[in-house]
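Okay, so subunit A shows up in both of these, paired with subunit B first and subunit C after.
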Partner chain A sequence: MTPSHKQRLVQGNEACVEGAITAGMRFYAGYPITPSTEIAELCSRKLPAVGGTFIQMEDEIGSIAAVLGASAAGMKAMTATSGPGFSLMQENIGYAAMAEIPCVIVNVQRQGPSTGVATAPAQGDVMQAIWGTHGDHPVVVLSPASVKEMYELTARAFNLAEQFRVPVVLLADEVIAHLRESVVLDRETLPFPIVQRKKPSVSPSQYLPFKADADGVPPMANLGDGYRSQFTGLVHDEAGFPSTRPEVVNSLIRRLHHKLEDNRQQIASFEAVHLDDAELVIVAYGSMARAAIAATRLAQERGLRLGVFRPVTLHPFPHEELVTAAARARAILVPEMNLGQLVLEVQRLTAGRCPVVGWSYVRGELPTPDLVLTQALRLLEAEEEYEDLLQLAALVRDDIVRPDWWLEQEWGA
Partner chain B sequence: MRREIRLAGTGGQGLILAGVILAEAATSEGFQVAQSQTYGPEARGGSSACSVVIDGEEIDFPEAEEPDILLVMSKEAAEQEIPKLKSGGVLICDSTYVKSIPPADASVHMVPISAIAKQQLGREMVANIVALGVLAELTGLLPHDALEGAVLARVPEKTKDLNRRAFAAGVAAAEKALQVRQSA
Partner chain C sequence: MMTTRAEKYLKTAKLPHIWCPGCGHGTAVNALLEAFERMGIDQDKVVIVSGIGCASRAVLYLNFDSMHTTHGRALAFATGVKLARPELKVVVLMGDGDGCAIGGNHFIHSARRDIDLTAIILNNSIYGMTGGQLSPTTPVGSSTATSPNGNLMRPFDICSLAKAAGATYVARSTTYHVAQLARYFQKAISHTGFSVVDVISQCPTTFGRRNDMADPVDMVEWERDNAIPLAKAQQLSPKELEGKIVVGEFVDGSQSNGNGRGDGPLP
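For the complex of A and B:
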């Protein structure tokens, strides 16, 4: 290996900053908060060295607002936060979706609600990341499960934001953000090229800032480039001026969605581990996926066929592949460090093809693979015992899937 | 082969830094490495623990499940962590703070790590580096020079000599502990 390809010990948050700078991020505005603080700290050190700008803002509302301003002026811009700050950012995330301003928001999840436990991991912001701001809005949500993926997915977040003019949320968790792993991080090792936003190909006099191309995405002129750009959170026409006409409302809201939905195959991604012959599939994301993948190793030692379906994009969701896996499996377990969020999506998407049971682990720590395996075994036992498990495929809001207790208390059997 | 090392004590003892140094040394030796930590919001005090997983192959679960090697530097850490130690593992206790331990199916070493740092080196602050010296000598986990190199690469220039001496003091204390054990 050449020296530049030498492995280094890198922290997740550090890899995120390196991925962002590799992708071309040159503007960061943020308000430091555990467990994302290292991102702000490193940006403050590294951005000036590459001609970029770091601003510590007065709060998270100011942070996302500054990011949107910088992006409208042509910068690749990012902010990072955790639950409490992410809540404050919601209004302007909606503005970014409506005004189609590319931006990357890193949310390193910690135990909530409210200020919760600052240093403890959780996955309680999944639904918020997808649906947090009001109104139907397009957003991409990515879930990294390793330090290497913190690097790659941050770079990919910029690519997706710039290509589709949407806010992209990198939804990390405390474990992955603070984890240090031996990795080789290089621009050359990125599995994709860096994307730049589409610029207008027409003269300023012909430019309509919200007139989309065939891919549903309008070319974007930088503020100050001599093109007339008009940004508003109001429903607007192709010129960017507010409109209440039903056909304008309808076409804008649908276009904002279709530019992601029509490109879902290109955006949605997942990792499959021993999935092909799995009798039980674990759907897990972020650090929980590491425990699940290790559980498949323990299961193999016992001669059991466990597989893992790890969505890398939580939104848009790789649902065709999940449905295929569900049709083959006896049951699906969805372990999460929350009281059951993605499990609802998995149940909805698999639509009864096999029982889907959630397992909630909300102790502010990552469960061990052994605990995940125990839940998988209990689910397999239950599936064998109760033929009509479909109607029992509800979420158990407990640390432990307890079929007996569950039957007696919830279903009266 | 997967090996798990757990370092546990009180916030401020520098155990997370010790874990990072250990992980950096293993990385430079070409291993796959994962280092994680749990700590409270306090800068000092409270419990603090750090795990390092070292493997020749890709690491799936990045935290310690059942540590092969455990270093405890406080009474609370000893109570909490010793039951999780792998049977037949190596247990290193800082006998400055850990006076007695529950029965453990492990190779147990009592070394006055913090006392050595304070008395021999004049700075209890370097107890974490003394501990790395002890660990290196007692476990043979990584070559001494790789660990010492990682220590020196991490510490401020003006404290390099102090840290070099702290590492050596740890190695010497471990040698002594092994001799006592063999002659006993």
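For the complex of A and C:
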């Protein structure tokens, strides 16, 4: 790429704010927490200049609540946090799903559980991002792997939130949030147009706030538009009035699920690196995917065919493409900075088409590419030696519980 | 007749409401509608936000834009609504548990910001919807489902709390004093800044029955007989004020010079 005058050295968190403003975000409510704080600081500086509003709330519960209030009143709204704050936000994320209020929640993952290591990267919130709030609920989870993607996926997060009236979680990690890369961030470089929420086409007297169109999504009147909108977290009928009738419960819960599931092909996205002829596939996301992609280059030097399948949407998951890759591969390695979360989903979706083995790296740091490569080589050797999948799984499970023992053997770490 | 005047403010198709016979909340809501009527408010420019509990259920019957939110969080949701659309009047309906226990932090911070919201607390000193448990305004000694031997903990004085935290209009009345209540609602909603009305309401079903006031009339008479105007209360000793309900305007609103967006100069 030829250098452009628009090229800048930008931090991941800053790119996130740029992406949000590009997508039309005009309201931000947040509470300081490492390693997401730069997002709040930048919003406080940049939003007033574009006619937007920033408020520092008293806690993360209030932050997501204010975001939902502002969104219901017509603003594109966002908050950002990390593990402890994300845990506090869960109840109101469920409210957003139930009341179908678009919102974007950035979770810059740090090492947990609890206060953990505030400044260290981790990927321990994958399952929480998908299943964190109680009850079956729709949510989109996006996983950025570069500064450029912090920009694009934040903008896309708003598009998805507005189009499907769902909460969208941008599940970043400390490495991507604090990484600085030379990028061009402007609207022209976005590979998609900006989406606005669907407004009612009927008069206020005919408007049923939760009557869905064919795509499963009801048009949304904003508070103050004269439609007498009613939002509630209770199970409700098409008029928005609470109901306990079994058929109303059934139809609402299923519609909320189907509006994402039926549009999965449109939502789910992934990146494939050397996937076509790979004998071993690494499924990795976020900053770990960078180590995995670098490992494919090291592998090529050694004449090994290593590919990477990088899900960009962790939920809904691009599973058809994963299944195709699994059918061709000898084995799949899923390295994660947690004790094995997405690996369970990969195992479930590939359903025994090839051995799927997780590798857990929970040291509050990103592994180097050669560590990932060594794991991949080890898996290929093991796969030859152990034809019985159960034996293989047992071998790798051992590594998951004792990575330090193994690392010390091989590298004296 | 009050009913006819109130009708346009109600989603009449959604009635009857879920409140128990003898509940004070309907009286309080009627006073609120009376205040709207006197103010001649534009119904499309008022948003009513509530939390979870008996009091918060009111929004489901009101013919306005509304948000029935999560337990304790109504004021935080309302903060977002108000900042997004400053031209809208935002009225927040809460109960005592909703507003001052689980939502206590949002309550004091909304007051600190002096954001232009009206917080109405329908205060019956009990968690009614869950069957009558101790709330942060339950009087010492009262019997509840979770204080069967009498409450040992001091209650919050909501008005003192609001005043100390910086609210710029603070008043208290009861469901017996309906004319005063409607007047306070009107002043609170007209006020620019954070306004609080603490409404002493009765719950004969889950509070009265456990405290020798099973008849709703007993409870309303208790409000009547124990209410003391603020000016008179200021002449009395704390001992003399025990068990009394001090009614009146604790902060009269004249000092507010904020812009209602939570970033104005402090009074």
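Heads up, the rule we're going with is that the second predicted complex is superposed on the first by the 384 of 413 C-alpha atoms of A that agree within 3 Å, B and C clash if a C-alpha of one lies under 4 Å from a C-alpha of the other, contacts with A are read in each partner's own complex, and residues count from 1 in each chain.
Operating definition for what follows: a residue touches a chain if its C-beta (ideal position, glycine included) is under 8 Å from a C-beta of that chain, and two chains touch if they have at least 3 such contacts.
Computed from a predicted structure; not experimentally measured.
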For A:34, select first, second, both or neither according to whether it touches subunit B, subunit C, the two together, or no partner. first
Considering only the touch criterion stated at the top, classify A:282 as touching first (subunit B), second (subunit C), both, or neither. neither
Contacts for A:362 in the overlay, against subunit B (first) and subunit C (second): which applies, first, second, both or neither? neither
Would you sort A:47 into first (subunit B), second (subunit C), both or neither based on which partner it touches? neither
Mind working out whether A:178 is in touch with subunit B, subunit C, both or neither, as first, second, both or neither? first
If you stack the two complexes on chain A, which partner ends up touching A:7: first (subunit B), second (subunit C), both, or neither? first
Touched partner set for A:293, first subunit B, second subunit C, both or neither: first
Which touches a greater number of subunit A residues, subunit B or subunit C? C
Within the complex, subunit C is touched by subunit A residues 27, 29, 53, 55, 57-59, 61-63, 65-75, 77, 91-92, 95, 99, 223-234, 241-242
Where on subunit C does subunit A make contact in their complex? 11, 14, 43-45, 47, 49, 52, 59-60, 63-70, 73, 76-85, 87-88, 105-106, 109, 262
Which residues of subunit A touch subunit B once you look at their complex with the stated criterion? 7-9, 34, 118-119, 146, 175, 178-182, 287, 290-291, 293-294, 297, 365-366, 368-370
Of all residues in subunit B, which touch subunit A in the complex? 20, 23-24, 26-27, 30-41, 59-63, 65
